[in-house]
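In the two complexes below, chain A is the common chain; its partner is chain B in one and chain C in the other.
Coming up: the complex of A and B.
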C-alpha cells in the first residue's frame, strides 16, 4: 500500500513537472559560483558579487543571453579553501549549471582547479594568483589584471630604477602570497642588477613595526618593496610616519594588500601619501572605457543598499567584466559549448569596462594591466576624496599613465 | 652589520613594547596567576574592550584613554557575571574543572569574536588621538608617542594594583584566597565572593589595556588569538600572581623580542617568547618572581 502511494506520488510529480516545463519559456542560463560572503575575504567578495549582479541585471534587461534569462547560482564559501570543492561539485552535479565563475582570491580557487579541468568546464578566474601554473587547464581565463607572474615586481622596481634607485629593501609578510611576491622580486632584482641590501620576512601577528623600520633604515636602501597584508600594512605605514625613512628612499610600497579598499584607505588617511602601490582600477581619466562610468553610477547606488565597499574599485568592475567576457564568448559561439567558448576567449581581444582583455596560453592576461599608483594629497577620515582623480596617480602601465612619480619618498609624503 | 645605535634603539623600543605587553597581561596575572582561573578568553575580553573604546572614539570623539576609563565599570560588572557563571557551571563541580574551564573560556572567546564580527564587521578598526602617529625625537632616535603612553599607563597600572593587593583589606583577602582558600573559609569569609571580586578587577583593568591595544595598533575581531600565547607567557614567566614581576617579565620579553627583531630578523621574534619561557621554567619552575610553594 505504502509503495503504491509512493509510486502514485512520483508519477503525479513527474507529470506536473513535464506539464509545467512544457508550458514555460526556455529555462534560464545558470552561472554557478561560490563567493566569500563571510570570513576574512568577505569585504572584497561581496563587492565582487555585486559587480557580477549588476551585469546579470543589465544583460537580462537587454533580453538575456541567447534569448534566455541569466541566473546566478551563488553559495557562500566562507573565504575557505575547504568549502569550495564541495560547492563546485554541487553546482555541476545538483544544480547543473551551464557556466562557471571562480570564487574570489587564490586560496579558495586553488582546490577547485583539478575538478573543473576534469569536467572540461570554462572557468573565469576572479583575482586568483598563479593557480593554473601547475594544473595547466586550457579553459581557465583569469579576469584579474596580473599578467606574467614577475610583472608585478618588475613594474615597481623599474619605477624605482628610473628614479635613480640602485639598492633594494624587501619586507614581506611570512604568508604564501607575500612570499611569492618577494620571491619574484628577488629574481627581478637580480635581472636588473639591483643588489638587495635588506631582506626580511615578518610573522603574521607582528604588533610593532618601528623596530623593523629602524633596521630597514640602517641598511639605507633606495627602493623599498613591501608585500604585506591589511593589518600589517597599517602598522608599517604608521611606523613609517613615526620613525621616518631615510632620505635615500626613492619609492616605497609595491605589494601592500588592503590599500585598495575604501574602509582601510579611509582609516589610514594621510599616512598613505607618497606610497606607490598596486591596484586594478582607479578613477583616473585614462581608465574610463565604454560603460565604465555607467557601471560606477549604478554601483555607488547599490553599494549603499548592499552595505559593501562604497568605492568598489578593486574588484567590482572585474565582477562585471567577467560577465562581459562570457557574454561576448557565448554570443560568438552561438551556444553553451565549452570548447567553442574557450576557443573564442583564447583567440580574441575582449572589450570590457576595465579595458581590452587578451589572454595568453596559460589563461592569464597577455600583458599585465596591474596598476602602480602613487597616493597624493590624502587627508584623514574622508572616503569621498578617493572618488576624485589625482588622489592615486597612475605611474604604470605607460598606456594608462596619469602623472609622474614624485620622488624621493619623503618629498612625496608632504 | 652591528651598530651600537641600532642596539640602543632596540633596547629602548623593547622596554616600551614590554610595558605594553605588561599592561595587557596584568589582568591575566590576577585571574590566572592568583585565582587559578584558566581564563583563555582574557585576550578576547581585551579586544572587546578595544571595540568599546573604538565605539566611544568614533561616535562621540572621546579620547581613547578616557574611553578606556569610562568602560572600566562595565567591564568590572561583566567580570563579576562571567566569574559567577564559570563558578556555578564549572568550578563548583569538582576536580576536572581546570580542563573544562579552559573549554568554557574558549567558548566565550569564540562567542565574543562572532559578536564583534556581527556588530563591527571583519575590517580592522583604529582610533584617532593627538598622540597617535607622532614621535618624540631625541638626537637621532625617534620614539613613537603611542608607545610612551603605553609605558606610562603600564607603570601606573602596576603600581596601583601592587598597592591595592598589599595595602587594602580586599586586596589582602584576594592574596589570602590565592594562598589558602580553606583557611579563609574558616575565618568566616566567603572565598567565592572574594574571587568573584578579584575576577571583576582583572577584567576591569582591561578597559585601559584595551585602549592601549587600539592605540598601539589597529584591531580586528580575531586579534585575540595573537595575544593568547604572549600574555600567558608573560604571566607564567613572571611567576604566577606577581604584579611587579609581570611588568619586569614583560619588559625582558619586549627587549629580547626587539633585539632579535632588529639584529637577527623578524621571523625569529615570536619564537623568542616561548624559548625564554622554557628556559626560565627549566631553571626556576616557579617563575622569575614566584615563591616556591
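Coming up: the complex of A and C.
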C-alpha cells in the first residue's frame, strides 16, 4: 500500500510543480545548475558558486537579461556522480530552467552529458576535463582554461626541456583527474623524445611519500611531473622538504591540485617555494582584464560573509565568466533559443574577466590558457602575501608571462 | 496459498501495474530519475536484510557488491555490447559467487570481525578496479545508453520498470525466506549459533545460502546503475555511502520482518531525494544523522517494531 501511495504522491507533487510556474508577465530567466556544496569538492564548489552569484547580482543591478531578472536554481550534488542525473532532470522537467550551467569538476559532470545532449541544451562546463570527447555534444562550452587535452602536460614539459631537462619522472594519484594528466604526459613525452625514467601511481589517501621520493630520486630525473590531489600534494611537498630532491631536477610540479586554494597555500607556506604548478588565474599584472579588479573587490568582501576561500583565484572568476559568456550570447541571439546561443558562442571571441575566450569544435578552449607559475619568496602562515604579484610568477602562456623560470629546483627552493 | 500470500501477490502485481502505468502516462522524466534511486535502495536494503537482519551478520560491504554489479555491467557492455538483461543476470551470478566467498569467511569470523572483513572487501575490490584500465580505471568510463526497448519512451523509464521488477523479486525472495525453514534456521543461528548447530540446524549451509542470495540481489541492483549514470568511476561505484545508507534503512525500518527494510528504504530514500532538491546544503546531511539517532534511541526495533508494539497495546486494551 505504502509504495503506491508514495508513487501517487510523487505524481501529484510533480504536476503541482508543472502548473505553478506561471507567474508575473515577465518571469525571471532561470539558470539551473548543481554544485558541490558538501563532500570533497565543496571547498572549490562554494567559491565557484559565489562567483556566479556575484555575476547574477551584477546583471540584475544592470536591469537583467533581455529585460528579465536572472535567477539561479542551485542544488547540492554532494560532489557525487550519482546525484547529478536526477538533479538535472529536475531542473529541466520540473523547474523548467531556461539555461544550464554545469556542476564543478569532471565526476559530477560526466553523467549529465548524454541527458543534456539529448535535450539539446547549451551547457557551460565548469572545470570538467574532457567529458565531451566521447559524447560529442555540440552545445558544450567549457569555461575552464584547459584547451586541447595534451596542452597541459606539453606546456610543463616544454618548460623543463628549455631548462635543459632530458628525462622525466611521473608521479600520479590513482584518481580520475590525475590519471588523465599522467596519460597525456606519457604521450607528450614520447612526442618530445624525453624518456620516462620513473612512472609511479599511488593509491588515493596516501600520506607518507618519503619512500616514493627516495625511489624517484634514485631514478635521477631532470623533470618531475606530479599529478596529485590536495591531501597528497601536501604530503609530497613535505617529503620533498625532508628528503630533498637530487640536484638534477630542473623543474618540479605541473598538475598538483590543491596548491590553488588559499587555505592549502597558507598551510604549506615556504614549502611551496620553487614549485612550478598549473593555475587558472593569478594576481599578476598581465592577468587584469576589463572588470577583473572590480570582481575581486566584491569577492573579497562577500567571501568573508560566505566563509569561502578568501582568495578565490582558481574558480570564482570563472564562475563569473560563465555568466558573462551566457550574457553575451543571449544578448547577441536576442532570445533564449539554444541553437542561436550555441552558434554565437562557437563563432565568436568573448571578452571576460579572465581574458578573451574562444571555443574549438569540441567545446573546449581553442588555445590553452592554463597557467604554469612558479612560487617565489613565500613565507609561512601568511594568507595576505598571495594577494600581491610576484609570489606566483607566470611562465606560460607566453602572452601573460610575468617572469623567468628559476632553475634547478633546489636553487629555486631557497 | 494462504490468505497472506494471496494478498502479497495481489499487492506485488498492483505495484508492477502501477509502475508500468507510470512509464506510459507520465511524460516528465524527473519522477523516474528520483524513484529509480529509491527502488534501487529498496532492493539493496531488502538484500542486506537477508544476511544482516535474519542471520545477524552485519555486512558493511554493500558498496562492494553494488560496485561489482556496476562494473560487471560496464565490462559486458564494453566487451560485447551486452543487453541490459544479460548485464543484470551476469551481475547476479558474479554476486552469488562473491556471496559464496563471503559465506566461507563466516566460518572463521563472527560479529564485529565479520563486519570489518566486509569493509576490507570493499577496499580490496575498489583498488583492483581502480587499477583495471580496460574498464576505465581511476579515470572512469563514459557509456552511451542504447535506444530504449518498446513500449518504453525513454531508457530511464525502462530502467525504472526493471528496477521495480527487481524490487518484487527481492521482496518475494526475502518474504519466502522469512516464512520458510530457511528463515527459522537463520533466526536460530542469529540467537545462538552453537546451540543451533547442536540442535541440528545446518548453520554453514544456511549462512552460505543467505550470503549467496543477498550478494546476487545486491549485484543485480547495481548492474542497471551503470546505464542509469552512463558513467562509472570507482569512487562513486564503491562509495561507502551505499553501505551506510542501506544499513540505516534496514535499522530504521526494522530488521525482523521483510517489510522493515522496504519501509526504511522508502522513508529514507524519499527523504534524501526531497532534501537534495529542497534544503540542498549541509543541513540535509544533518537531518539524516538526526533521524538515525532518533530512531536508534526511540525505536530500536525500527518502524516494524513500533507498529508491533502499537498493535499489542491495542489488543491488550481491547482484551
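Going forward, the second predicted complex is superposed on the first by the 389 of 414 C-alpha atoms of A that agree within 3 Å, B and C clash if a C-alpha of one lies under 4 Å from a C-alpha of the other, contacts with A are read in each partner's own complex, and residues count from 1 in each chain.
Keep in mind that, in the parts below, a contact is a pair of C-beta atoms (placed from the backbone, for glycine too) under 8 Å apart; a residue touches a chain by one contact, two chains touch by 3 or more.
It should be emphasised that the depicted structure is a prediction, and the values quoted were computed from it without experimental measurement.
Chemist: Just chain B (first), just chain C (second), both, or neither: which does A:298 touch?
Modeler: Neither partner.
Chemist: Counting only touches as set out at the top, which of chain B and chain C does A:60 meet: first, second, both, neither?
Modeler: neither
Chemist: For A:286, decide between first (touching chain B), second (touching chain C), both and neither.
Modeler: After superposition on chain A, A:286 lies in contact with neither partner.
Chemist: Once the shared chain is lined up, is A:174 touching chain B (first), chain C (second), both, or neither of them?
Modeler: The answer is both, since A:174 touches chain B and chain C.
Chemist: Determine, under the contact definition given at the top, whether A:351 touches first (chain B), second (chain C), both, or neither.
Modeler: Neither partner.
Chemist: With both structures fitted on chain A, tell me whether chain B or chain C touches more of chain A's residues.
Modeler: Tallying touched residues of chain A, the top partner is C.
Chemist: Which partner does A:263 contact after superposing on A: first (chain B), second (chain C), both, neither?
Modeler: After superposition on chain A, A:263 lies in contact with chain B alone.
Chemist: Mind working out whether A:246 is in touch with chain B, chain C, both or neither, as first, second, both or neither?
Modeler: A:246 sits against neither chain B nor chain C.
Chemist: In the overlaid three-chain picture, which partner chain does A:134 touch, first (chain B) or second (chain C), both, or neither?
Modeler: Second partner only.
Chemist: Tell me the contact category for A:389 with respect to chain B and chain C: first, second, both or neither.
Modeler: neither
Chemist: Would you tell me the residues on chain A in contact with chain B in one complex that are also in contact with chain C in the other?
Modeler: Touching chain B in the first complex and chain C in the second, residues 174, 201, 203 of chain A appear in both lists.
Chemist: Tell me, which parts of chain B touch chain A in their complex?
Modeler: Result: residues 1, 3, 5-6, 9-10, 13-14, 17, 20, 121-126, 128, 132-135, 142, 144-145, 147, 216-218, 220, 223, 225-226, 258, 261-263, 265-267, 269-270 of chain B touch chain A.
Chemist: Once bound in the complex, which stretches of chain C touch chain A?
Modeler: 11, 14-15, 18-19, 22, 26, 28-37, 127, 130-131, 137-140, 142, 144-145, 156, 225, 228-231, 233, 235-236, 239, 241, 262-263, 266, 270, 273, 276-277, 280-282, 284-285
Chemist: State the interface residues of chain A toward chain C in the complex, per the touch definition above.
Modeler: 1-4, 6-7, 10-11, 14, 18, 37-38, 74-76, 78, 80-83, 85-87, 89-90, 92-94, 106-107, 110-111, 113-114, 131, 134-135, 173-176, 178-180, 183, 201, 203-204
Chemist: Which residues of chain A touch chain B in their complex?
Modeler: Touch list, chain A to chain B: 39-40, 42-43, 174, 200-203, 205-208, 210-212, 214-215, 218-219, 230-231, 234-235, 238-239, 241-244, 261, 263-264, 267, 271, 380-381.
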